[in-house]
Structures are given as C-alpha cells and as structure tokens.
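Below you'll find the structure I mean.
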C-alpha cells in the first residue's frame, strides 16, 4: 500500500464515534422503513438522545485533544480509501445540528404522532420521521466527510431528504416549490461533480487533507473550484440563485422549515468554506472574494427588502433566511489570505461560522414560533397577529429573541458574529462591508418589528384560538432562542475550538 | 485455416453491415410506418444474423459462441415483439388487438 | 489526438448543451432530460480522466470508473424523484409547468433556473 | 490507428448530433426517444474508452431504466404538451444562456486539450491491493472494498429516492399499489415476450452478478436486468405491483443495505475497522453483501419506475 497517511497522523482512538454519528441515523432510516410507520417515531425518539450523545462526545473529544479526530474507513488509507475527519468546525456544526434536530423532533411529535396499534400506517408521520433522520445522517456525513466525491453522495442524500419535506402536505404550491428546489439542487450537484472530476484529473486524489498539500493555482484547479462554488451556491440559495428558497421553506411544516432553514442550507455553505479554506487555502483571490461578498451584500439588501414586504409570517421568515445567508459570504474577502493580517482573518472566519451557528438556533426558533402561531390562529397573515403576544407570550418572546440575534443586538450570538465581521472589515480597510452589516441590521430590525408591533398590541381580551398550544412546545422554542442568545455570552476565547484542525491556518489568536 | 476463417468473418460482417445500411435507408425513405418497420426488421434479422455468424469463428471457445448466438436470438425476440406492438399502434383501429 | 481527447471534447460540448437545455426549457420534463444529458457529459469527462490514467495493465483508472457508476445510479434516483414530482403536479393542477403556480408573494421572475 | 480514430470521431459527432436534437426538438416524446438513443451511443463510447463496467451501467440504468421512466412520463404528460409549447423562453434569455454555455464548454475543452503529464492515477494502488479483496475486477474492488462507504451511502440514496417518490401519494392512497394497472392481454405479443423472457433474464441477471467479481458486471448491472424483467411482466398485465405497505416488500427493499451495514459494523469486531473485511474472508463477505443487494436494488429500481401509490389496495 502506498504511504499515504493523512498528515494529521494516524486514526484516533475515538474515531469510531465519527462512524456512529452517520451510521446511527442511517440505521434509523432503514429500520423505520422496514418496520413500518408505527415504529418510525419511536425509532427517531430513541436515536435523538443517542445521536446528541455522540455529537457531544465528538465535540469534547476534539476540544480535549486539541486536534482533529480521524477515522480510516475499512482500513484503506486515502487516496485509495476514504477517511472521516472531525476538526473543530465539524464538531461545532455536528453539535448544532444534533441540538436543532432534537428540538425539531420533539416539537414535531404533536403533528406527526404515530398511528395507534391496529390502525394502518399513516403517510405523513412515516415520511416525516424517515426524512428527519435522513437529513441528520446527510448533514453529519457532510460535516465529517473528507473526500470530495463522498461529500457529493452526502449532498445528494441531503437533497433527497430535504425535498420531500417541502411538499409533505401535497398541495400544488408546495409540489411546485419542491420541484423547483430539486431542479436547482440537481444543477448544483452536477456542477459540483464536474469540479470533483477535474480535481481528480489534476491530482489523482479527492481526499481533502491530501489535496490541501498538493493543490496548485493552475487552470484546471481554478475552473474546478469555480464550478463547484457555483453549484454549491445554487444549493445554498445565495442571491441570485435564491428563487427556490422562499416558497420551499415557507411551504413546509414548521418543524421541517426549521430544519431546512437552520441546517440544510448550511450543509452546502459548509462545503464552500471547506473548499476555499481547507482544500485550496490561499487560492481565493481578493477579486473572487469581493464578488462572493458582493452577492452576499445583495442578498442581505434584497432579502431584507422583500421580507419587509411580505404579508405572511412564514414567507417573511424565509426571506429573512435569504438575507442572513448573505452575511455568511461577507467572511470571504475578510478571511481570505492570512499572512500579515492574521488576526483579521481569524476573526472574520470565526464571525462567519458563528453567524452560521447562531442563525441556525435563531431561525429554527422563529420558524417553530411561527408554526405555533399559525396553529393557534389558523392562519399566518401578519396583519392578523393582533393580540397574539398576550395569548402566547412565551412564543412571541422567543420569536423576538431570535429576531434580536438576527439583528445583531448584544448580547447575542448574532451580535458577536456581526461584531467580529465588522471589526475585521475595519481592520482590513474594507469599510464598505461594515456599512452593509450595519444597514442589514437596521433592515432586520424593520421586519422583526413589523411582526412584533401588531403581535404586542391589540385587544386586552384573550383571543379565541383554533387549537390549543402545548406549553412544552413553547418552552422548546424559547430554549432554542435562548441558545442563540447565550452564544453571545460565551467568552470569545472559547470559539478557538473552531480553529482546531484547520489546514494551513494563519496562526492568529482571537482577542 | 485461420486465414480462411478471417476472410469468412470479414465477408459475413460486411454483408451484415450492408443489410443494416439498406435497412436504415429504408427506414428513412419508405413512405409509412408499416413499410419502414418491414425494412427495419429485415435489417435486424439478416444483418445481425450475419454479423453474429461472422463473429462465431473468432469467439473464445464454446461459451463465447453460445453467448453470441443467444444475443442474436434475444435481439430477434425483442425486435419481433416491438415490431408487433408498433404495427398495432399505427393500425387505424388503434392499439387494441 | 487520441480517442480520449476526442471524447473529452465531446463531453465538454455535451456539458454546454445540457446547461443550455436546463436553463432554457420551461417544461420540467425537458429540464430533467437536459439534466441527464448534462450528467452524461460530466461522466464522459470523468471517463476520459479515467482513460488517461490507464496503468498497471488496466485500460483505465478503476477509481473514477467506480465513481461514475455510483454517479449514474444517483442521477437515476434524482430523475425518478423529479419525474414523480412532475407527474404529481400534473395530477393536482392539470399542468406540468412551474411558471404560474408560485405562491402569492414569491415573486417568481422569468428566469426560474 | 487513424481508422480507429475516425470511427471514434464519427461516434462523437453522432452523440453530439443526437444530443443537439434531443435539446432542440419540439415534441417532448421525440426528445425522450432521442435521449434513449443518446444513452445507447454513450454506452458505445464507454466501450471505446475501455470502461466496460461503465458501459453496462450506462446501457442498463442511464439509458434503459431512465428511458422507460421518461417515456412513461412523457406519454402521461401528452395532454400538457400544447400548453407548454406556448411558453417559449425569450430570445434574450436564450442568447445569454447560449453564450454562457459556450463559455463553459470552451473552458472544459481547453482543459481537455491541456492534459497534465503524466496523468495521475490510482490504478497501480487498486491493482496492488486486489489480492487482499479476493476479487479480480478492480472496479468491483473499488465499489465494495476501497470505497465501500460511498456505495453504502449510495444505497441509502436509492432507498430515500423511493421513500421520496412514495411520499408524493395522496394520504388516502397510502399503502396502495404504485403506478397504473396494465390490462391483461390474453394473446398479445407483449404477453408472449413477458412469458418467454423472464427466465432467460433472471439467469442473465444472476450471471452478471456472479461474473462481476472478476470481470465486467456486478450487482447493479445484474439487478437492472432483474428489474427490467419485473417491469416487463407488469406492463404485459401478467402481474401487478405489490401494495407499498407490505412488510415483505419493505424487507426486500432494505435487506441489501441492512446486510451491507451489518457486515460493515461487524468489521469493528472481526476485522480492524468499520467496513473492513477479515483477512481471507473478503470475497465471501463481499458476495454475502452483493446477493441481497442485487435483490434490493432490483426491487427499488422497479418500484422507482412504477411511481407513487395510485390505487387503493
């Protein structure tokens, strides 16, 4: 066998955890498929704490060791075989995913209850629990995969898991939204695959660690990177490839919307970051980075303005996702090219990833809150929200907290993320991005206020609700919103875990 | 001996190819579906048959030869069935037999 | 010029054709067809890379060949899901297009691809 | 040598011509027919590129099963063709897209003409490790040993695609039978074919699976033939798709991936890693995986073509 061990060193002892993180939900999907719908919910409920436990174990493992976990599949070393690798960023994303999936699962129990024994299998619960686990497995495979083709398969699982969640209710609008989503996603994956093929042709390996050591700035590499980036942008729904997102995310059931908006789009974003900062560090030219950030800025402005004009709560939140995705791309010109501006780049990079994580908690909370409000009122028209704040105070409070995090009001995860990006922009002398961040925050305040203003006014008499809202579901939503705020209270140094195992990083310290 | 077999192969495959060519010309030039079908099935039958026949001396042993013959038989079977189905579909009475 | 180069150029052209069809066609089924055509071009380019990696007595590098086989199966799964969606949409609405049935406020512009 | 090159160039031109026609032709049904011939031509290209495993897969899945799926869909969508034809895209969009596509093609063509020398390859590594797998076909070794994790995940893709297709059923029809019921014809040519061919097809399918260990072929190609036999029987009206709720059907569908996963997990105990095979037992274990896998893939492919449940049981 050729001497090809990844430069991080040999497989780590607790590397089997990485296998479990993916295999557990995969086994859940297969089991619930075989055992029929009655067991689907039970299987998911058993796997949720187990998966959360594995994610926590991986996170603490990376944290304690201070270096990434590595597992070689089947004992075949890359480049011939495949490896799983968890660096600090993967560990953080794994944990975020586990928390949001578990919250979404607990939240969804009320709507997707398994049929009683003796009753026939019902479609919606069977399908929902299966795809929830599938999305989880796919996200974990995306975060842990260390081979570009294996990541392609993981991305496809993610797409195939996410699309049917969009049209779970089978209405014509959601079917059309799902189809449009699928077509965008397929275009994205085929471009990604093309880039992968070109990279294999140039380097004879698709292993990320090996590639990062071999990569050169030649034509094939740059064309491959461009194709893969465009493909992943279509899946991430960055402006102007965002057209599929609002109807898809707004049409899904609340728990599914939360997972789609909080996590699924981050899967492809994560790969863009992997590509530019791990696979080919230093190859991102300032020009390309400025273009990415300009698209991000356009997404922030465009998404926010459209969010301001929506009549329906779920569409408003979906357009807010379009805008918040834009922030993620501001990190590229600020974090690219380490060298002398090491601090700025580490800060911007941390800010970008923190934005991804805090947005995940905040957006999941907001979609679930919207789901509760819709259930209580029987509609989600913003004009008809009057008095809901008095009837469902906990839910509206959670929605507001999530909104504060999106706006970047201290103390919240969103604030720290945007602050890091802002200081990096000023450090780097790219003040125009600072303007975008500030303007985006004001827009966000505008559309959050548009919801809170009617919700907090209105008649003193309690509203008559269409359906009762369970306290524990309100508590779940509040817990997620609080998590997105609490991220802002952590000492800045604790985000150092995100740097563990980065390939070719600038040696900067986070102040 | 082997030269004679090679010559046989070349001749048989060439004639087979000629039948395919004729069939294709028929497909393009004949006026309606039924006559086109006629041209096409003839090409299938004879053309492929001759090609297989020509290849038989070159086959690797008995199993290889058997495989070649079964390919011809399967193509025949499929061609005949499809021709039937198409003919029924274009008949004025519609697809029902 | 070798066979690999000829088919490589063919694959490059197929990618362009497929992209064009995927964007320009408005019928979803035609988009799905174009996606498959584009996929064929991508696989072909990958296959040319495999062919150029011929060594150790093999006609091509087996690793990309295996990846292509996996890719073909994944593309088929995607096609099946997309076709099922188109047919279901047709059952619900009597139409099989994406243009006019976006929800209110979604602001679909002309370029839905 | 130049004659071979001329044939290759002719084949490439033919592929491009059929592809252009598929994109340009007005009628959807005609476009699908074009696509099927495109797939068959591509299979020939794969043979010319000495990738027989890929050629078999392309002919069986890329052209064959995909073709059946698309033809059936185009036939059902015929009533919409007139309305859709009215929605012609604007000239400006066509023009801009054409330019962009041409740029992409030109860039890729330039990369094809500027190859890296020597081309990197894993062929030596794949061959050097073959003895450890007990296999003779290095493509099968990549699929089921070196990169078995990819293949396992891809099985999950197939199961999810089927679950996704089923999930589109209306609630009331959940648990029903997929696809339309084809009327039984008593003496049609199709019935004759559907009675005669399946025994042969099953033998060929099993042969493909078996021979895949050492020569071109394998679980996919074999299972596609099995699936095709099943589709033929259903279309001739001789059999019907089973209701999607049946326990045995679910078990058949996941048996392959389950066994694969179980063997993979047993690697923790009996070999050094997940998806590793103990020394000397690689080939029997790979066959243990491939047999149920072939059955599961065949069932999945057939049901993916059949579509979501449409009729109450």
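So that you can tell them apart, the chains are marked A, B, C and D in the order they are listed, and the count of residues begins at 1 in each.
Here is the rule we go by: a contact is a pair of C-beta atoms (placed from the backbone, for glycine too) under 8 Å apart; a residue touches a chain by one contact, two chains touch by 3 or more.
On a predicted model such as this, the values are computed, not experimentally measured, just so you know.
Visitor: Which chain lies the greatest distance away from subunit C when centres are computed from Cα atoms alone?
Guide: The chain farthest from subunit C, judged by C-alpha centres, is B.
Visitor: When the C-alpha atoms of subunit A and subunit B are each averaged to a single point, how far apart are the two points in Å?
Guide: Computed from C-alpha means, the inter-chain centre distance equals 57 Å.
Visitor: Rounded to the nearest whole Å, what is the centre-to-centre distance of subunit A and subunit C, using the mean of the C-alpha atoms as each centre?
Guide: 26
Visitor: Counting only Cα atoms for the centres, state how far subunit C is from subunit D in Å.
Guide: 14
Visitor: Express in whole angstrom the distance between the two chain centres, defined as the mean CA positions of subunit B and subunit C.
Guide: 32
Visitor: Name the residues of subunit D that each touch 2 or more other chains.
Guide: Residues 108, 111, 119-122, 126, 128, 146-147, 150, 154, 157, 160-161, 164, 168 of subunit D each touch two or more of the other chains.
Visitor: Got the subunit B residues that touch at least 2 other chains?
Guide: Nothing qualifies.
Visitor: For subunit A, what residues touch not just one other chain but two or more?
Guide: As it turns out, subunit A has residues touching two or more other chains at 80, 149, 153, 156, 160, 163-164, 167, 170, 175, 194, 198, 200-201, 204.
Visitor: Which two-chain combinations touch?
Guide: A-C, A-D, B-D, C-D
Visitor: Going by the contact rule set out above, which residues of subunit A touch subunit D in the complex?
Guide: That would be residues 1-2, 11, 16, 19, 23, 26-27, 29-30, 33-36, 71-76, 79-82, 120-124, 127, 130-131, 134, 137, 141, 149-150, 153-154, 156-157, 160-161, 163-164, 167-168, 170, 175, 194, 198, 200-205, 219-220, 223 of subunit A.
Visitor: Which stretch or stretches of subunit D touch subunit A in the complex?
Guide: 107-108, 110-111, 114, 116, 119-122, 125-126, 128-129, 145-150, 153-154, 156-157, 159-161, 163-164, 166-171, 174-175, 245, 247, 250-251, 253-254, 257-258, 261, 264-265, 267-268, 271-277
Visitor: Could you list, by residue number, the parts of subunit B that touch subunit D in their complex?
Guide: 70, 74, 77-78, 80-81, 84-85, 88, 97
Visitor: Can you name the residues of subunit C that touch subunit D in the complex?
Guide: Within the complex, subunit C touches subunit D at residues 1-21, 23-27, 29-30, 32-34, 36-37, 40, 43-45, 47-63, 65-70, 72-81, 83-88, 90, 94-97, 99, 110-111.
Visitor: Mind pulling up the subunit A residues that touch subunit C in the complex?
Guide: 80, 149, 152-153, 156, 159-160, 163-164, 167, 170-173, 175-180, 182-184, 186-187, 189-190, 193-194, 197-198, 200-201, 204, 243, 246-247, 250-251, 306, 309-312, 315
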